[in-house]
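Take a look at the structures below.
Two complexes, one shared chain (chain A), two partners (chain B, chain C).
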Partner chain A sequence: MNSLVAMWRRPVSAAGLTATSVILALATPYAADNARRIIEEVQRRTDTMSQQYEGLLQVVDAKGRVADKRWTFERLGSHGRSRSVLRFTSPAEVKGVALLIVDHADRASDQWMWTPAVERDRRIALQDRSTRFFGTDFSFEDLEERDVDQFDYTLIGEDAIDGAPCWKVGATPREAKSSQYTRSVLWIRKDNYAIARTENYVKTAITRRLDYSNLQNVQGIWTARQIDVVDLTRGSRTRLTLDKLQYNATLEDDDFTVQALRRQ
Partner chain B sequence: MLLRLITWPYVRKHALRTMLTLAGIALGVAVFVGMNSANASVLRAFSQTIDQIAGRAELQVTSGETGFAEDVLDRVQSVPSVRVAVPVIEAVADPHIRGEGSLLILGVDLIGDRNLRDYDLESGDDAVIDDPLVFLAQPDSIMLSRAFADKNHIAAGDRLTLGTAEGDRTFSVRGVMKAGGLASAFGGNLAVMDIYAAQKMFGRGRTFDRIDVALTPGRTIAESTRELETALGSGFQIAPPSGRGQQFESMIAGYSLMMNASSVFALFIGMFIIYNSFATAVSERRKEIGVLRALGASRRQVRLLFLLESAVAGLVGSLAGIIAGTFIARGIAASIGGLIHDVYGVARQAVHATATPGLLAVSLAIGIGTSMIAAWIPARAAAAVDPVRALQKGGDVSLSSGETRARLVLAAVSALGSTGCLLLDRSGALFYASYVLATLFAMLLTPFLSVGLMRLLRPLLKWVRPVEGTLAADSLIQAPRRTSGSVAALMLSFALVVAFAGMARSTYGSLVDWMNTTLNPDLFVMPSPDIAVRNVRFPSTMSDELAALPGIETVQVVRQARVVFQQTPIMLLAVDLLSIERTARARVTDGNASDMVRAGAAGKGILVSDNFAQLRRLKVGDLLELPAPAGVIRLPIVGVIVDYSDQQGSILIDRTVFQRYWNDDSVNFFRVYLASGASLADVKRRILERFAGRRQVFVLNNGELRDYILKIATQWFALTYVQVAVATLIAVLGIVNMLTVSITDRRRELGVLRAVGASNNQIRRTIWMEALCTSALGLALGYALGAINLYYALEIVRQDVAGMRLDYEFPIGVALAVMPVMFAAAFVAALWPAESAVRGSLVEALEYE
Partner chain C sequence: MRSAPTVVCLGLLLLLGYAGSARGQTVLHRGFVEGSVVLFPQQAPNDPTRGITDLLVRDEVFVAPTAWLRFAAGADLRANSHDQVADEWDLDFSDRGNRRSRLAVRRLTATVRRGPVTIDVGKQLVRWGKTDLVSPTDRFAPRDFLNVVDSEFLAITAVRGSVQLGNHTLEAVWTPRFTPSRTPFLEQRWAVLPPEAAGASIVETPPSLPAGSQSGVRWGHIADRLEYSLSFYDGFNHLPDMAVDVRAGAPASAQIEIERIFPANRTFGLDFAMPARWLAVKGEAVYVTSSSPSTDEYVLYVVQVERQRGEWLFVGGYVGEAVTRRHEVLTFAPDRGMSHAAVGRTSFNIDANRTLSFEGAVRETGDGAYVKAEYSHARGQHWRTTFAGVGIMGKSADFFGQYHRNSHVRVTARYSF
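And then the complex of A and B:
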């Protein structure tokens, strides 16, 4: 699973899991075990050395007005051991604003934002991760990649998204304080282990839904080139479109630090 | 029924006198309402601003005014009971809009701040607030309150220029907050900007002023406070937002004490007018009382009748006073707001002075109560009237021998008590008891002293005008009760004048002395034209730039900020002690001058100002514990010097100690000494040119700074002078009242005089001389009581208000200046009564009684 998927939630790591075993597991008391194996397989299939793309963000507010923003995204490593830099390129007022995300295998990520006009970096505190990410319908937490071990999984059932059969997997954070969400439900395509939909809940109410579409195989990795997130409490939605997507390019370690944020 | 049948006809017949009596109460109550509602409104506005800005914060972490390093935020956020912790910077900026005053800038991190505060933007501005990225990315972003935007016709997208530490900067209005809640703070003059942009614009370096905290559900404030104290150490104040309001109140406690004392004094003086009116009324209505008593009315009923009359008079006067007081409160509030800003450095804000229902009820109760207390003795006298004697002709304005004895005994007891209290304890409750007893002593002796002085004056008056002088003197001598009421009111007013004038004179003297010895640099370089503004600062690097300018010999940096010491914000001055010692010679009141500087500079001791030591009863050798972000400074006091930098006193430490404990090298202002022969104007110009465009710099010369300090002192006394003027006005009303009564009493006597050939001018002159004599008696006794009053006032200033050791100097100049004013006022006050005396019907006058 690539970081795009992780961005709209959830982590996943490698480990073999065949479709057959999953189907068998649905009818057994080992459903939780099998759910975890599905997620591990998703994570394994998306494990890469790096990822780059140029994103177009289109925020549609409740009145239907659309605001566009563009960014470049670079990630070094995968999942709970990755570091990412997201840098806005347009419009002009926000150009240069950057976000550094340092993911950890065993806890929530660290995040810093750089605002070039003030020449200041600021740490995004854990308490603020539920805040909307700069007017989009993503929260700061949605940008994190988490390791498979930070959640407990249950196989809820099966469903179909756009005609593609999917497993429905429930994910509950092991440390309640580490996430704004009480639980998430993931739809994972049986044919290629790509995530097709995620729904995030706070207590029993659904707050965000993410739909992954325009699925393409890029360098052997099934990747959604379009992600739509809907904030169900606000009634607004955001579409992220990925351009110039590339995996496993050579990136420098030094470019993923707070100092590097200041340099650029 | 009795009020309607007996009191009402009397009131109608003596409408003018009734009006004057009511005016006495009304003025007293008006001053009380005006002062208290203005004072309370200023305090309320301050607390409201704190609450509105605090939002849903349950605790606030502060470190006095100094702020603290950014990393403290991480420590606060890591505390388990803390759900949300967000940093805040508050600064005041000048929007350069005429008549608009200051704009409170709230610097916040909008990413997390919405967890605590609601930034409700007006519809139509959604795009702005929905895109905080633009707001954060652009340091010129600002959000305004609807109130401020409307007043100044500003809309989202407009530009606004503000004075910042970096000079005038133009901001883009990227949002307008809905009215109410946060947007109402600081009287609506509120703007919000990104905290990191605010740090830069207002010279804060990498510090925050405050952290606002919301707790994890289920955790208590006490638990969280304990956890935070453990995590941060004792150099921080952790308290609910209301705690800041309490600190503010404790800071201005001295001022509030003075305000309350003065307004009570105004009421006290009003009491004498009422006493005089009722004493006269009892005297005039003796026949009426006699008839009532003869018809079977009990003493209790008569007493109740007069008390009821006084209560009604108190009610009517109080209502008028409340209306007038509410009206004048706005002006007083503006004055207090300005004073608190200048003296304590608290940001000035628009205050809508309103009297609370509680204050109105208290004022009404005080007005009625004062009136009834004042009428108590006349009511008792009325109840004691013998029906037989009352029905005989003749007035009763003299003191009975029993009353005389009682007064003398009480006066002796008061004098002994006052002296005894003073000998036992020169501070605290006994000291104040001594003050009250001394005043009581003077009041009890007033009738005897008035008559005695009048007897001394009689030959002089007789020499000046044989007929009129004698008549005037005799009239006053024969009616000690009537005379003494007015004289006592005047005496108290002048005693107040002497005390305030003496205090002002001594204060000015001490301030000038301090400025001559300590405040002697040629120039002061500041980031704001307003000396009281401390939240805009310079970087320390400016010091070298200044020192390099031609014509400058020495540059001294001063960092000043309030830190919380024993729950009260106290001014901390961080300076290079060795450098200051070379240029200024502060007057030492305890300790050795060179030793204290050496110890202070080495970080082995703290110097404190004399007023700080006086207010807290501290001396050299005492250990002081001063909380700082990097830990508690525990150092002995090594010296006490005279320093009037702050009314609550100041603590002086070496700048190196401050930098170590506060991790802050910013500068509030520079003291600049010129090289020999350098031109003040040239150096000032060079400084302004050097920093033009990149720093907001204001350069004051020594004279300008002195004028500013003296202006604050004048402001400090201005309100009290107004009160003194009101007290004097009440006293003058007393003269009019007394003369009106006197003329009514003597209508027959005056009628006879006119019948036997006295001219109208002779009658007029008699009345005028009575007025002038009353005034002279009031002045003489007032000055005598004032001399005592001044002693107590200076002691109160030293012990409880400002800690200043002021020299006792009787304000002879003011005393002399008041004389002609008072005589003129008395003369004017006598004009109408005199005309009334000569214009009445001679036949009616002879028929009177």
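And then the complex of A and C:
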């Protein structure tokens, strides 16, 4: 879910970051270099050991009908090497459904879903990620935590979201990412490097827009407590509100395995 | 164990009651009330009933008083218009009766976790394998086949230990008490009797359930682009062979005694999942051996491919079998009955609340087939209604075809809480 809460980041040492920057400055165009540096700073500022929250999802379909869903989310580790578990707590018929996401720095994540009705885990295939996640407007891919190395970047320009000046950065997935999106455009606030908006494109058509709002400084990390995603092909939208958000809590590695998924 | 020990009942009731009172602990409480109506357009020779109503109330609670200890408890309450539920109100723990229990323990488990080691003790569901339509390696998963094409898994009493080290998982299961699959009643339509038996008196003698324990181990590995497991099971087949004893007499007065026998099995299994960019390939194979001289030995396998495209899911595959030692024995084996057939399932999420799905199997010889269409609609936060139609066709000698009079429609309403 970190991609949803502005965690586009990568843990690199200061020396590594400097060396990478020097190489990139020599080898890539100025705009692309600047764009990548911005994204690297986004990741650096949101680097945490762990994250957990309770999410309230409000799905509004094209006819205006609202359905609420709730989940708990826990993530261990950072960006390209993180593991996350998401468990539905409401509505009643999906209570206990869980998703394990294992992120990789160099390729698309691995995902498994636990369905209590059949007491089995199921590997989510790569091509499944464009599917809507349990009737929400998030796709399985949207639940992945993006890593700076999975995309190539271009600084498109500058813009303002709700009066806040932003950099506008284009991100094109690399081959190994295996993304449903042809490209994404990110608005990144200049004052705190928080992502304010993301637009995802399939070919030239925009398919999903995510707006990040109610920005709060939680344990030193600027975090959007509210994320609105609009599926522009369906006309439906989902609002995710983050409650009981906490960073750097002590979580156990053994709780982020396929075996652990069945511990309800 | 028909009547559960007092301690089991008390434990179950305490845990179920705990859900409403626990504070500051991890508690998950869920359940549903489900009513269904099944209508059969055709009458079966041994069963004139064409409409069956069924009620199931399920309540489950999961409590984690500490990070290393969890309890799970669940109970089922059932009613049925076609005598498929026992009359007694005793709380049944073992679920080994011919009929479904009126009141039964669905699960009662304590789970202890220490680092990478997890141990589950009690009544639980143990599922192995990766394929969806048929799962030959799923050896600890007996089922309720009172309706053969709409079966439900039964929990078993077991100790299950697992260790996860990195991408490797080792799991061991030991079950002291055998739980058979529930087979169709001879006087009901899902037991298809040969025409030669018409007029004869057919008696089913009580089955002699194996007294020994069963055990199994499974090692799994998750690699970058491949996930696979090897498994070994030593126990009994939860699907029975049928011993038939025909007592002499005129055809109209002949007596036929049938006894279900659950042969000893030793199986070696492999299952895998290989997600790729365009398709996910999944498969399972099991080699079933037996120390019983009168039962078959065989390899049963399934290979399926999956493709998700937007809100569409396509699953298609083939179930095959190679018999390595054959005996002329009458069996009730829905898993083998699916062999030599192409199987498939397609589902489409119309929107967040509505799903349409189709499922089917066709024998490679064309001798039998079944198809199922289902429309499911959720309303609000609690209600779901499902309409299903099942068509079965084929020759009487075929596993599918023998049920050609059992095409039916089902309407189910569920309230989840």
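We adopt the following convention: the second predicted complex is superposed on the first by the 234 of 264 C-alpha atoms of A that agree within 3 Å, B and C clash if a C-alpha of one lies under 4 Å from a C-alpha of the other, contacts with A are read in each partner's own complex, and residues count from 1 in each chain.
Keep this in mind: contacts are C-beta pairs under 8 Å (C-beta built on N, C-alpha and C of every residue); 3 or more make two chains touch, one makes a residue touch a chain.
Being a predicted model, the structure only gives us computed values, none of them experimental.
*Asks:* Using the superposition on chain A, tell me whether chain B and chain C clash or fit.
*Replies:* Once both complexes are aligned on chain A, chain B and chain C clash.
*Asks:* I'd like to know which partner A:Glu93 touches here: chain B for first, chain C for second, both or neither.
*Replies:* both
*Asks:* Once the structures are superposed on A, label A:Gln226 by its partner contacts, choosing first (chain B), second (chain C), both or neither.
*Replies:* neither
*Asks:* If you stack the two complexes on chain A, which partner ends up touching A:Arg123: first (chain B), second (chain C), both, or neither?
*Replies:* Once the two structures are laid over each other on A, A:Arg123 reaches both partners.
*Asks:* Give the label of whichever partner, chain B or chain C, reaches more residues of chain A.
*Replies:* For chain A, the partner with the higher number of touched residues is C.
*Asks:* With the two structures laid over each other on chain A, which partner does A:Gln246 touch: chain B (first), chain C (second), both, or neither?
*Replies:* After superposing on A, A:Gln246 lies clear of both chain B and chain C.
*Asks:* Taking the superposition on A as described, I'd like to know which of chain B and chain C A:Asp68 touches: first, second, both or neither.
*Replies:* second
*Asks:* According to the stated criteria, A:Asp254 is in contact with first (chain B), second (chain C), both, or neither; which is it?
*Replies:* second
*Asks:* Is A:Gln58 in contact with chain B, with chain C, with both, or with neither (first, second, both, neither)?
*Replies:* neither
*Asks:* Just to be sure I read the superposition right, which of the two partners does A:Thr115 touch: chain B = first, chain C = second, or both, or neither?
*Replies:* first
*Asks:* Which parts of chain A are in contact with chain B and also with chain C?
*Replies:* Shared contact residues on chain A: 59, 61, 67, 93, 96, 118, 120, 122-128, 131, 135.
*Asks:* Quick one: in the complex, what on chain A touches chain B?
*Replies:* Chain A reaches chain B through residues 59, 61, 63, 65, 67, 69, 88, 93-94, 96-97, 113, 115-118, 120, 122-128, 131, 134-135, 140.
*Asks:* Any idea which chain C residues touch chain A in the complex?
*Replies:* 28, 30-32, 62, 67, 70, 72, 111, 113, 115-116, 118, 125, 127, 130, 153, 162, 164, 169, 222, 227, 273, 275-280, 306-311, 313, 349, 351-353, 378, 381-382, 384, 414, 416-417
*Asks:* Provide the residue numbers of chain B that touch chain A in the complex, in ascending order.
*Replies:* Interface residues on the chain B side: 73-74, 77, 83-85, 109, 111-112, 114-115, 126-127, 130-134, 136-139, 194, 196-197, 199-200.
*Asks:* Going by the contact rule at the top, pick out the chain A residues touching chain C in the complex.
*Replies:* Within the complex, chain A touches chain C at residues 59, 61, 67-68, 89-93, 95-96, 110, 118-120, 122-128, 130-132, 135-136, 178, 236, 252, 254, 257-260, 263-264.
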